[in-house]
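Naming follows writing order (A, B, C, D, E and F), and every chain is counted from residue 1.
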Amino acid sequence: MSTLVTRVRQRQIGQLIDAGKRLDGRGLGDYREIKVEQGIIERAEGSARVLLGKTEVLVGTKIETGEPFPDTPNEGVQTVNAELVPLASAAFEPGPPDENSIELARIVDRGIRESKAIDTAKLCIEAGKKVFVVFVDVYVLNHDGNLIDASALAAVAALLNTKMPNYEIKDGEVILKAGYTPLPMKSRPITVTLGKIGDKLIVDPWLEEEQIIDARLSIAINDDGNICAIQKGGSGYFTPKQIVEATKIAREKAVELRKKLEW
Amino acid sequence: MSEKPEKLIDKKGLRLDGRKIDELRPVKIEVGVLSNADGSAYIEHGKNKILAAVFGPREMHPKHLSLPDRMVLRCRYHMAPFSVQERKSPAPSRREVELSKVIREALEPAVFVEYYPRSGIDIFVEVLQADGGTRCASITAAALAIADAGIPMRDLVVACAAGKIDDKVVLDLMDTEDKVGVADVPVAFMPNLNAVTLLQMDGILTPDEFESAVNLAIEGCKKIYALQKEALKTKYMNTKEEVEE
Amino acid sequence: MSEKPEKLIDKKGLRLDGRKIDELRPVKIEVGVLSNADGSAYIEHGKNKILAAVFGPREMHPKHLSLPDRMVLRCRYHMAPFSVQERKSPAPSRREVELSKVIREALEPAVFVEYYPRSGIDIFVEVLQADGGTRCASITAAALAIADAGIPMRDLVVACAAGKIDDKVVLDLMDTEDKVGVADVPVAFMPNLNAVTLLQMDGILTPDEFESAVNLAIEGCKKIYALQKEALKTKYMNTKEEVEE
Amino acid sequence: MSTLVTRVRQRQIGQLIDAGKRLDGRGLGDYREIKVEQGIIERAEGSARVLLGKTEVLVGTKIETGEPFPDTPNEGVQTVNAELVPLASAAFEPGPPDENSIELARIVDRGIRESKAIDTAKLCIEAGKKVFVVFVDVYVLNHDGNLIDASALAAVAALLNTKMPNYEIKDGEVILKAGYTPLPMKSRPITVTLGKIGDKLIVDPWLEEEQIIDARLSIAINDDGNICAIQKGGSGYFTPKQIVEATKIAREKAVELRKKLEW
Amino acid sequence: MSTLVTRVRQRQIGQLIDAGKRLDGRGLGDYREIKVEQGIIERAEGSARVLLGKTEVLVGTKIETGEPFPDTPNEGVQTVNAELVPLASAAFEPGPPDENSIELARIVDRGIRESKAIDTAKLCIEAGKKVFVVFVDVYVLNHDGNLIDASALAAVAALLNTKMPNYEIKDGEVILKAGYTPLPMKSRPITVTLGKIGDKLIVDPWLEEEQIIDARLSIAINDDGNICAIQKGGSGYFTPKQIVEATKIAREKAVELRKKLEW
Amino acid sequence: MSEKPEKLIDKKGLRLDGRKIDELRPVKIEVGVLSNADGSAYIEHGKNKILAAVFGPREMHPKHLSLPDRMVLRCRYHMAPFSVQERKSPAPSRREVELSKVIREALEPAVFVEYYPRSGIDIFVEVLQADGGTRCASITAAALAIADAGIPMRDLVVACAAGKIDDKVVLDLMDTEDKVGVADVPVAFMPNLNAVTLLQMDGILTPDEFESAVNLAIEGCKKIYALQKEALKTKYMNTKEEVEE
């Protein structure tokens, strides 16, 4: 698209939102169509694919044994990594993670960690020495906006789908046994991202909207409606009043999105 | 670790997954699966699940990599951390660097690179799940992604391996056969031009066995070639329908 | 490792360091502390000791990062190896990369970036000693360094956290409260514009607690804002004296 | 050389080969002069220098103790690294290995590994815990074409020249004893590289020929004449018939080259 | 400053030095004002800040346990790192250490190591297995010339200020006890840097002088006046006579600087 | 690990390898040994085996590193993985980075850099086998490689160390003497200009010992200088013969 066309279109998107409408027909508080598929990568301990409109994110989990952190010797370890895979967008380049993929990984990580979604106490094999490490790899396959919500949803869906190997301990060695147990989960945090355009808040901004929003606010909501993580992004600001409004919207939308996990 | 099976071919001549000696694994191909790439394709070859995408022809960055008389191909073959038994670090391994190179060199003979001087295309291959033979399935998918991007080609490139397990030359090794078997011979082929564009070998083969393996792999290629063309046609039909609606 | 205290607030409502629930740690600010930077500031916020420096506006290297219609801000938040309990490797951690981004985005709304097209400024923050709340103190200092560099701003940016410890919402968590507490809510604010430019949260809060925390943090910001302006004035007076001498 | 001169010269090289001749007087199936010197780096456990015309490759081996791979707990480890040292060519730049040096290392590695040249079973010290690791470092000192064959030959020559320390095990610790034993070797694989120009195959392309060949085929041949590794390189192709022809030539030339090791 | 002004000024600096004078009024053998503050970073095991004119260097030390080097199993480990922090100069860029910061770290390291300033024999916890590791992190905060002397002085000041945790060993584990002991130090090496301009030697060149000196010579002097490390830098040379003269000056100035540590 | 010898000098005043106190190790030099480099030299100094090559003068990449009024020298000192007792990783160590710098600065005073503005030369040094004193032998070889590339020089640079072992100042320390000895003083020298271009010291020396060591090292340099010139002459004679044939 030429720059001129882009600008005309951006102005149009902005004017529509100002009037409470969106280019793709959604209301300001509507998500795009959401599809969640669980268990599609058999080699992974757990996996899920989320389609949020044309945005596509695949999350796979792997479980390995490792050492606990010194300050939590009785708890398993959770580690989240995100790859903005170059086939997802002409703007993504191969190479070590940049600030965008690091921020994405850390937002997804925080939503799960702060809500204590994984029951890490049940992942301890030998206190202070050996625990299970849960690797959550977020793989962005197509970028059409709002990677945060799609990634967070796919991560929780993959964790709910994750199986742990049964094991026993003989002479300090972990011996795998037949069968699997589901990964012990305590909650299902949902992250809802809102964009601010002028004095309007929109839910689930897609790619072209992301290019004109002043700022975004991503809010993780726990099963009980409490807030468990927040991240403001972008070069603009929110008023305190907008922040309170955003948390209300996020709590409502979280209920809606969480249903996608009950399939 | 799974235990090594003693026998890879049973008395009936069937392999661990029930296939005959010259039988391909199931192959499923879809073209045009990603909205942001200029061309894309998805392949399931056995349990391999692989996405390929092409961006371009476009200006090269950095510019000094471009060539005055031809288009430059770049290729990245990459495995998702969860695609294999033990989690793979996302940083490219030496194996991935080598495969990126041989895959690129397997695709290049098919592309009319002289049509697009000073420009380049990027070919990205992501292995979402690996099951033996990922380089071959990657080539099969990447050739379709190039075609889907509308880049003129001499022919599609299609790839398949043959190899030796127990004492037999067989088609299309899956993961366990690849690891436990005697030899593996991946071959990429342009059927219309009778041209082998990738050839590697691991293991030990007599000259005769090697010749049989190459020929068997080429037979496999030809079968997958039909599926490639089918997938392209399906994409074309759907696009046509959309346009006509 | 220090042991976890059982109670973070005593019967008198005082915290481990004797502060009241809505009391800030001591804050000391100095502007113009480095001779080579275009602007600089030093802050002690509790036991945090942080230097911020600004270079620019200047040409961007590499040039293709510059923008035709605005100035580009770059920011590096970095911790000295000796700033924390266990020596920190000088290579930037993922946490430092994220904080560099959110600090930059907290400062950007304050800067008239359109005044300096095709140029850039570099904001360097060095945490010499860390004591909880380094990102907030970094923003407070960095905003002053930008002002000290003579770059036109809509307002200063000032930052402070509130959080929940035991069962209370409190102001300005120090290290132990941050680690053992229930939740932490860092907020950056432009008082004249009533604009929140950084907002993060870790932990669990009810919607009401969250609203209280944001409001309390903003109250803290306003107090530090007064100290910021004082520090700028002191720098200006000193410079004036030097010139008049 | 100016581009014009280069092109004229390249055309000349191509036309000569078409007529079955080469600029330096060799026949299509002839190698350049080959010199192999073994044991020139006393500090290394083994070493060899190969001159292939003006192409010069030095290989040094080091032996250390390390852990075996989990799937081969009773076997020593072989690891090959290749450096395209910047003094070897104006085209080589210092820095981490690029795709060319990685491919070179992996081709050399595969020739040795797939032919089972090193008797790795004899390099086990304590099963699953401690084995000998053989480092093979390929050092390209002057690049005048066909680095693959020169490197593969130098690597095998260096391995044949490698001495292992005598040792005994006391309380789980490896105690070195006086004297050395030769590294146990089971075969001497030879890699032969052919270039394709039009419908002609040439053996041992030198630098200027490499710039005009369509593709190359490197074939590792074992002592018994069997094929143990192959790598096609370059942006061209081979017909199935050419491949069979190439393996025949490779088997003949391998016998010739292997004699250089018996010196 | 424009290039022309710079050149005029550089010529002026050069001419003054030729006449035995310096732009800032110092004599050729004079240091700028020196301030040493010890113990300003409470989180660090030791710290010191040195102001040398406007040059500012902060050094922090950390003590951790680690493995000894195989050839000194009974000795603790000293490791020096230097960061040319980008806020210290427009010429410093963030990123991995470049040759200048590596050289700086190694010069500081050598002064301490070769003078045996730290009594590493007293830092052994369990021979061959566990020792104390002393990390010395040099942090250049403002660059106005002669980083070497400022860094070396700050490093020794920080080491003299360093406290070690008391500990006892139970079942092979290090158990920390109450209280601290000073890091055992045996000497206080001082590094003196001289610049050569034409046939003149100047002490403590500041930033603008550094840009016109032919070469520098940094000489570390021990408490007893012996020489314990030297590094020549820069693209010029010294005559043998100048070298001898430089060592004499360095021995005198070292006495002067060492007094700053006795505060 | 080899055991530490108790005495490095025996009763007859001879060293472990039989040398006298002021005796050099055997030195063998050859110029013009690599066909692709613009200049090259090979040195065996004791058991050190070192190759040096020069490329240029040529355009600099990236261009912004070039200077308007002079040629830029770049230098990489690098050790082969098999050059030392324990295999060395091929990635450059901090020691190699420092030595690259001091070697470059030892060579630079000899080169008429103002003759080639906006251009650069790359000096590559590869230590194939190390035996103590590699930096000195590297300088000796690199200076010859520069001369062999036809770059105008004020003088050759030649380098040699002196040091203290047991209680004596000695010439040209080999590996064990370097590791077990008291002090090491590498010196690079331009004999015609009486100019010391590299000077380093490790260990402890009195001022008198230091002065003796520098003088002894310079004597060693002068002897090697003769061999350098011999090697250049040999190269020149051979080239002349080739041309005349």
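Everything below uses one rule, namely that a contact is a pair of C-beta atoms (placed from the backbone, for glycine too) under 8 Å apart; a residue touches a chain by one contact, two chains touch by 3 or more.
Predicted model only: the values in this text are computed from it and were never measured.
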item: Contact-graph separation of subunit C and subunit D, given in steps at minimum; value: 3
item: Subunit A and subunit D, separation of their C-alpha mean positions in angstrom; value: 48
item: Subunit A and subunit F: spacing of chain centres that average the CA atoms, whole Å; value: 58
item: Subunit C-subunit E separation of Cα centroids, rounded to whole Å; value: 32
item: Intercentroid distance (Cα basis), subunit C paired with subunit A, Å; value: 27
item: Numbers and ranges of subunit E residues touching at least 2 other chains; value: 97
item: Overall pattern in which the protein chains touch one another (line/ring/star/complete/other); value: ring
item: Going from subunit C towards subunit E, every chain in order around the ring; value: C, E, F, D, B, A
item: Contact set on subunit B toward subunit D in their complex; value: 1, 94-95, 97-98, 100-102, 105, 108-109, 185, 190, 193-207, 210-211, 214-215, 218
item: Touch list for subunit E against partner subunit C, complex; value: 41-44, 47, 54, 56, 58, 60-62, 64, 81, 83, 85-90, 94, 96-97, 135, 137, 139, 141-144
item: Touching residues on subunit D, where the partner in the complex is subunit B; value: 70-71, 97, 99, 102-103, 105-106, 110, 114-115, 215, 217, 222, 225-240, 243-244, 247-248, 251
item: Residues on subunit B engaged by subunit A in the complex (per definition of touch); value: 34-37, 40, 47, 49, 51-53, 55, 58, 76, 78, 80-87, 90-91, 122, 124, 126, 128-131
